[in-house]
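To start, the structure itself, in structure tokens.
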Amino acid sequence: MMRRRVNLRMPALGGQGAVTAAHIIATAADYEGYYAVSNPFFGAEKRMAPAESYARIGIEPIFDRGEVVYPDVIMVFHPQVITMGKSYTMPFYSGIKKDGLIIINSDEDLLTEEDKEYLASLNVKVLNFNATKFAIDIAGTELATNMAMLGAFFGAIGVVSIEAIEEGIKSR
Amino acid sequence: MYYVAQVINDECSKYNCKQCTLFCPEPNTLMYSDNEHHAYVVSERCKGCALCVYVCSNLLKRNAINMVMPEVHANK
Amino acid sequence: MKATTEQVQYNRAGQRIVSPDYLLFEAPRTKHFMTGSEAVKEAVKRASVDASVSYPITPQSEAAHLIGELWAEGYVGVYFRGESEFGVMSELAGCALAGARCITTTSGPGTLRAMENFPMWAGTRIPVQLVLMARGVNTPLSIQPDNLEVSFLLDTGCMIWYAENVQELFDMILAGFIVAEQPSVHVPVVTVVDGFFVSHTREAIMLPPDDIALPPYDPYRAPLPVIDAEVPPGRYMRDPFVMKSNYISYATHASWQWEVRAAIERSRPFAKHYLRGLIEEFGDPEAEIAFVTVGTAAAQAKEAVRLLEDEGIKAKVVKLKTVRPFPIQELREAVKGVKTIFVPEFNVVGWLEREVKRYLYNHSQADIVGGTRVAGGMTMPPEVIVKEALQYLGKEVKHVI
Amino acid sequence: MSFKIYQVNEDLLDVVPQEIKDLQFRSTFNNPKRGVLDLSYHKELIEEHSLCAGCPESMAFRYILASLPAPEDTIIVNSTGCTSLVFPHIALHTVHSLFGNQNAVASGIKRVLEWRFPDKVKDVVVLAGDGATVDIGLDCTLQSFFRQEKITTICFDNEVYANTGGQESGLTVKGHVFKMAPKGKQWNKVPMWQLAIDSGCHYVARLTVSSPKRVEQVIKKAIYVAREVGPTYVHLYTPCILEIGLNSDDGLDEMRARDKERFAFFEYVTPEAEEVIARVKEEGLL
Amino acid sequence: MKATTEQVQYNRAGQRIVSPDYLLFEAPRTKHFMTGSEAVKEAVKRASVDASVSYPITPQSEAAHLIGELWAEGYVGVYFRGESEFGVMSELAGCALAGARCITTTSGPGTLRAMENFPMWAGTRIPVQLVLMARGVNTPLSIQPDNLEVSFLLDTGCMIWYAENVQELFDMILAGFIVAEQPSVHVPVVTVVDGFFVSHTREAIMLPPDDIALPPYDPYRAPLPVIDAEVPPGRYMRDPFVMKSNYISYATHASWQWEVRAAIERSRPFAKHYLRGLIEEFGDPEAEIAFVTVGTAAAQAKEAVRLLEDEGIKAKVVKLKTVRPFPIQELREAVKGVKTIFVPEFNVVGWLEREVKRYLYNHSQADIVGGTRVAGGMTMPPEVIVKEALQYLGKEVKHVI
Amino acid sequence: MSFKIYQVNEDLLDVVPQEIKDLQFRSTFNNPKRGVLDLSYHKELIEEHSLCAGCPESMAFRYILASLPAPEDTIIVNSTGCTSLVFPHIALHTVHSLFGNQNAVASGIKRVLEWRFPDKVKDVVVLAGDGATVDIGLDCTLQSFFRQEKITTICFDNEVYANTGGQESGLTVKGHVFKMAPKGKQWNKVPMWQLAIDSGCHYVARLTVSSPKRVEQVIKKAIYVAREVGPTYVHLYTPCILEIGLNSDDGLDEMRARDKERFAFFEYVTPEAEEVIARVKEEGLL
Amino acid sequence: MMRRRVNLRMPALGGQGAVTAAHIIATAADYEGYYAVSNPFFGAEKRMAPAESYARIGIEPIFDRGEVVYPDVIMVFHPQVITMGKSYTMPFYSGIKKDGLIIINSDEDLLTEEDKEYLASLNVKVLNFNATKFAIDIAGTELATNMAMLGAFFGAIGVVSIEAIEEGIKSR
Amino acid sequence: MYYVAQVINDECSKYNCKQCTLFCPEPNTLMYSDNEHHAYVVSERCKGCALCVYVCSNLLKRNAINMVMPEVHANK
């Protein structure tokens, strides 16, 4: 995925660490020599209430800020984002750009036929990945869900080095 | 965050207690059924805090409620 | 206190005192990655600040916490949480009157709660710095970015500066102290950023080392006596004649108010130097379409200019770094030859459009369009700016959103 | 009395959402004997809320709402804070205005309702956090006591500004490290219950919300006294588990620990209030 | 509640209820001689007011005392002194939310102390009336007339009206309730007069009888439910969605703000009718010199027009009765053919000049001159207006002062 | 200590007005034993004022200024009100800012002076009316007590808003008819001295200004305690003769009458304060 | 004295009743069919501090308001206005119009030669009248000083009827 | 308003009292001269409140100060 700019949106629930994830992504990209900006959605999020964060990565200076209205990548941190509509946008993929990517923390397929048709029309790839289960299995705690999601992201886009990712995690 | 409460109906039915229903922080979530003689959890509403478990297990030593990982159902 | 090569001086935190020009323009800088709130901390850390008083409100709270940490670390002399923004701004006035370099931060409802203090600050001629992280005001409650509140501050007698991003916020805070404390200026400065868009956004920033700092504030150079019982008070108070007898009060009040505005005028050369100009231009200098903006709206407009370029349309951004003083000449110069001026804003009332029209009245024939307008907290997608502009110009909207 | 406003037009019953119908058929209106024991069965007046999982403020809300003697004629005035995330979900008239002006707004409402409905009982209850009540709102709070406004003021003392991310408040205990108090708070917790007494409240209580029944008793007393005599004040300890670093199932334990010390149950009653309470007890409403 | 010939209705004070048109335009009037403060009392007495809350500040205190007397006399339902202007405006909000027709008064520092309440009022959509008797704000302290404070209110979402004299104040207060309470409007109205110049000046005024009054406010016609537990609240609050969940809050906040401004726009036809037009013209309709003004500045400008006439120079006054809504079309019409516009003001910042330039940008080629300016409390002698105008126009100053 | 700032340059002595020279040669600086008895002979620190003829506030001013232990290092913070007509005439550093924010401003000044001059004593004294202290300024007043600011707060209680023409204040007694209370005040006088005690003041006194010597003692104790321990509060009855309809020579009589009842002398001292007072007495400064 | 407009300024001390006097004058003139406006100076005057009030009388509607900067008539209520400068303008007669009138409550001549020359150049008439003494002699109290000053004014300008003056006094 | 205080020096000299100087509400107005053994009034500063008379006559019964109509002097 080589674009002039990659805009990333991460709908999650309060307490899942999506803000941290966005900052790690941006820091890593910055370390790697890209331009990068990250920010959370601007709310007073409580545990279990909707929360969202964003990262922008590019090859020229980035002025744009605020919530990502037209994302290239969407990472859904919690199934309730979809099943209970705990999302800042309805549907959660609103604004997704052509050839985009969606990663959902779930084994199960949560999309309707309608959703799928629409996404297919934009050539958006959808990846189901149970990050929570992965976190429990590997790290022994569901609190590592955000790290697992990060892994999936970096794996999928593959432009940032391991060293940079470590730098991003350290700087938190 | 990732768990919800579930009453072990048979255990609960041994008592006529309702204590946990008073301490759940969520409204309309942990209720008591007189017909079935046990408490029950409206799991979409449960935030998984586990206070009910503290009440039932730690305070009352009844161990009639516990936390489980819920199944995710597509909202199709 | 000059830092010469012969005589190295240190402030009370043990940092080496350097000249403002050295700190802002000459010292080597290294890259860091941080939020606007963190940049506030970095600026305050290098500013030999004496006092700060805080009150929590989203989105400025984190910046205020971090100033508190600087106090705990010995970089700030006095710090505490006040009882409300009204109290905080009055406490800060007390600190400044007693001779301290002061800074505080607030947002939206906090600004309005403290409102009466701002003309009081200006009239008291204290060079306090308020970092305003703009957010919406009630009702309905919104904690999200919206800069309506800036409109309420325009006529308070404070300087109003506006930073676009994390880097500019850092530099402006340092410049703010220097300019506000000029004996010929000596009025408060409100350094505005759009809340969240700057306070909570993490991006790259170049910082000078943190073992150097601005020269401390010297209250004995102030145009009014400091309240420390070390200088003669005469029979004098900060609002002197007024209460002494009514019959000269109106003249005093009027001339005092004029003088406050004149002081803002006198800040121009200093601000020009330390901010490297009162405006910044971006895009095609020859463009006939201009976006006149401040803060985040300027950032978004820059992206829009890029998109327009993709569409083959020339446009530019005229970003105002100061609103008080208003860059009158600079703006008039910058829009010479421009046919259409858009004023994108993060509020419903269009206070910047009003300012622009006021100062361009009979100085430009351009169409001035108050838009894109976004309020209540949403971002202003460059795509929307482009769409609205093209629609207004009757051009085809090719760009996909 | 106007609980009829909750009755849905019969013809509309099939299109109205269940949660609204539940209010009509499964809630406890028009019955002054309602209380916390209803919580096990009945539809509550809070639909849901977005407070943290396990937050004791939520428990306090449930008990208070269940204990109102006449919810159908109760106006709730609130302030900004974590609690303000609950009000939009309450099936009563609630008002949010500004941070800290709650007792001023409540004063205006109460006086006008007395003027507009001289023959009806309209209870006005203020619910706000410690920051709202004791810091920024202290003037409005105490002045409403001085003026003898017939309102009940309930302070949710979580000893911190929770909604803005954990800053020291006037009710934080001395020495506690919070944001804006990085060296620990330099001064004592404000004895708000004492100020309430000296400012003219007729019923004052201090307690944790570890005992639902006790909360019910206190709330009922406070409201009945406010109706007839003057201002009443209830100070509830509802710890912010998030900011003091507790797990979501620790709140009750924390309160039970404080029951034995700082928040031991304390009640103050003026003679005029005593009379009202005695009468209400006789009537079997307490 | 209509007053028909068949069915005579009385308000709670025992006054006969008449239609607004009857009270304002048809009822017989008799001459009285009184101050602006006393005129406030007379207006409130005829307005079936339910509630008022007061706080002392010069120059509005007397008007507030007199409303208190009306309470003691049974004409006003609820009245008390609040603890501060911040408290008062919140108490009044409570009164209005509970279904009362409300009025209060304040000045200068009081306005700023209460500042946060005004956008709250507007957003809460309560048709409260604030009679603002403008005075200077600190620092330095001045208790004298100066209308800088009006500038701070322009963007609050309240309607802003401006009365010139005692008579107009009386009529505007009555009209204020009627217009503000229209279901399609239902926002607060701030009725401004220059403190002292109107509040303390005693002059002739024509009053309708005091045994008739406006129809009482009917809270059940309000666009938002009244907070009285007599109507269904649903799951609703005055700032509803915002706290329910963040993700629709920005849209709500924005649309709500737009709606408040739209409500002000919708007030135009009502205001036009009850104020008999949003502007008043005085002097030679063909004049090429116009003074665009509000309040006392209009009065002084009228005297100046007379003096200019004595000098053989044609001029006119365009007095704006409303500032929000701003009489945009009316002003553009009135200055057609005008070559020079002076905007005399009682403040140092020239907020009215700014408004005028904003709305005339590309709608007039006239020179717009921000002056005469007087601040801090002095009067604006017509002789000075004339002198400054003639000097600007390069004409000989013949008139002796 | 900086009383030298009052010394006029010798070369200028012949052009400086007498009243300024008097400050240098006939005032009592640099002497902690100064007191009200100096008033018969020495140049006072108030030059003149425009309070009403006979106003007891003026007497209070004279006594307080004469009693300051270190006027040359004292900052006076005031508020709006009749008293604000005096401050421009006081030969000390005085600050007027806004109505009711006096204790906030004083807190800022005191803390910065402690930081700037760690080895010097700088006394910060607040002087304000009852409206400023107890109504609009209540939050700032009490919060400065809570925060344990080392300042002395003196309230001039004339039981009315005098400067604005006689409106009811929180310190007006119940039933009194004033403007804005046309049916008589509906609620009790606020027991501000009690609130000061609850709020953490270390020395609290309530008195009229009928006895100059007593005022001197109280002011000195309050200032010495504030220097070392924390907030102190002095509540002075200074009747507004104009608004209660007394003649200009009635003020003293009115105060002497109240000395026997509502304003009987009352003092509260914490143990820490007691210690300081005892030591200062030993040093002969009291 | 027949002018289109008569502007009157009354410098006094707080407590002397100059505000009342202005209002009586204006009310009387209004009753008599003139246009009239009165107002005090806008201060928080205390007993013995400077105070000032104004009246305007005319034969056409009066818009002008505020302090009278260019008076036709000045009435000095207290000698200290002149001797101690307790006046809002310096000198107290600043702005006086040609052919104006000044009434001073004093037996003694308090004007300097310079003052006199200036006033003479404008043809201003100065009347010394000890209204306080008059008040004590006639009404038995110095508190009637303002009434005595009023008397002097109405006597000197002579355009308002006794009935109108009584009306003005009644309306207070 | 129209009167000022004047000490009757001979009466006052009978006592060494100074009481009135403490109760005058005006600063620098009613002072005591040790040389001449009596109080004195700076009459330009006196506002005529008569509190000194209340102190000297009503409270102390010394009658050594009274109110007089001052002479007006042109300030030429």
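By written order: A, B, C, D, E, F, G and H. Residues from 1 in each chain.
Quick note on the criterion: a contact is a pair of C-beta atoms (placed from the backbone, for glycine too) under 8 Å apart; a residue touches a chain by one contact, two chains touch by 3 or more.
Computed from a prediction, not measured in an experiment: that's the story for all the values here.
**Q** Hopping along touching chains only, can you work out the least number of steps from chain D to chain G?
**A** The fewest touching-chain steps linking chain D to chain G number 2.
**Q** Could you name all chains that are in contact with chain B and with chain G at the same time?
**A** none
**Q** Between C-D and A-C, which chain pair is linked by more C-beta pairs in contact?
**A** Most contacts of the two pairs: A-C.
**Q** Computing the C-alpha centre of each chain, which chain sits at the greatest distance from chain E?
**A** It is B.
**Q** Averaging over Cα atoms per chain, report the distance between chain G and chain H in Å.
**A** 33
**Q** Suppose each chain is reduced to the average of its Cα coordinates; what separation in Å results between chain C and chain H?
**A** Taking the mean C-alpha position of each chain, the two centres sit 59 Å apart.
**Q** Please work out the Cα centroid separation of chain B and chain D, and write it as a whole number of Å.
**A** 26
**Q** What whole-Å value do you get for the distance between chain C and chain G if each is reduced to the mean of its CA atoms?
**A** 52
**Q** Find every residue in chain E that makes contact with two or more other chains and list them.
**A** Residues 58, 80, 83-84, 86, 109, 113, 116, 120, 124, 138-139, 141, 144, 238-243, 245, 249, 377-378 of chain E each touch two or more of the other chains.
**Q** Could you check chain F for residues that touch two or more other chains and list them?
**A** Within chain F, the residues that touch at least two other chains are 47, 50-51, 53, 55, 84-85, 96-98, 135-136, 138-139, 143, 147, 164, 170, 186, 248.
**Q** Going through chain H residue by residue, note those that touch at least 2 other chains and give them in order.
**A** Only 1, 47-48 qualify.
**Q** Help me check something: in the complex, which residues belonging to chain D touch chain A?
**A** 50-53, 55, 82, 85, 163-164, 242, 248
**Q** Can you check the complex and tell me which residues of chain C touch chain A?
**A** So the residues of chain C in touch with chain A come to 33, 58-59, 143-145, 165, 195-198, 200-204, 296, 299-300, 302-303, 377-383, 401.
**Q** Please name which positions on chain F make contact with chain H in the complex.
**A** Chain F residues touching chain H: 36-37, 39-41, 43-44, 46-49, 51, 53-56, 58-59, 61-62, 212, 247-253.
**Q** Chain D touches which residues of chain E in the complex?
**A** Residues in contact with chain D: 50-51, 53, 77-78, 80, 82-84, 86-88, 90-100, 116-117, 120, 124, 225, 227-245.
**Q** Inside the complex, what are the residues of chain D that reach chain C?
**A** Residue list for chain D touching chain C: 80, 84, 96-100, 131, 135-136, 138, 161, 164-165, 167-168, 170, 179-183, 186.
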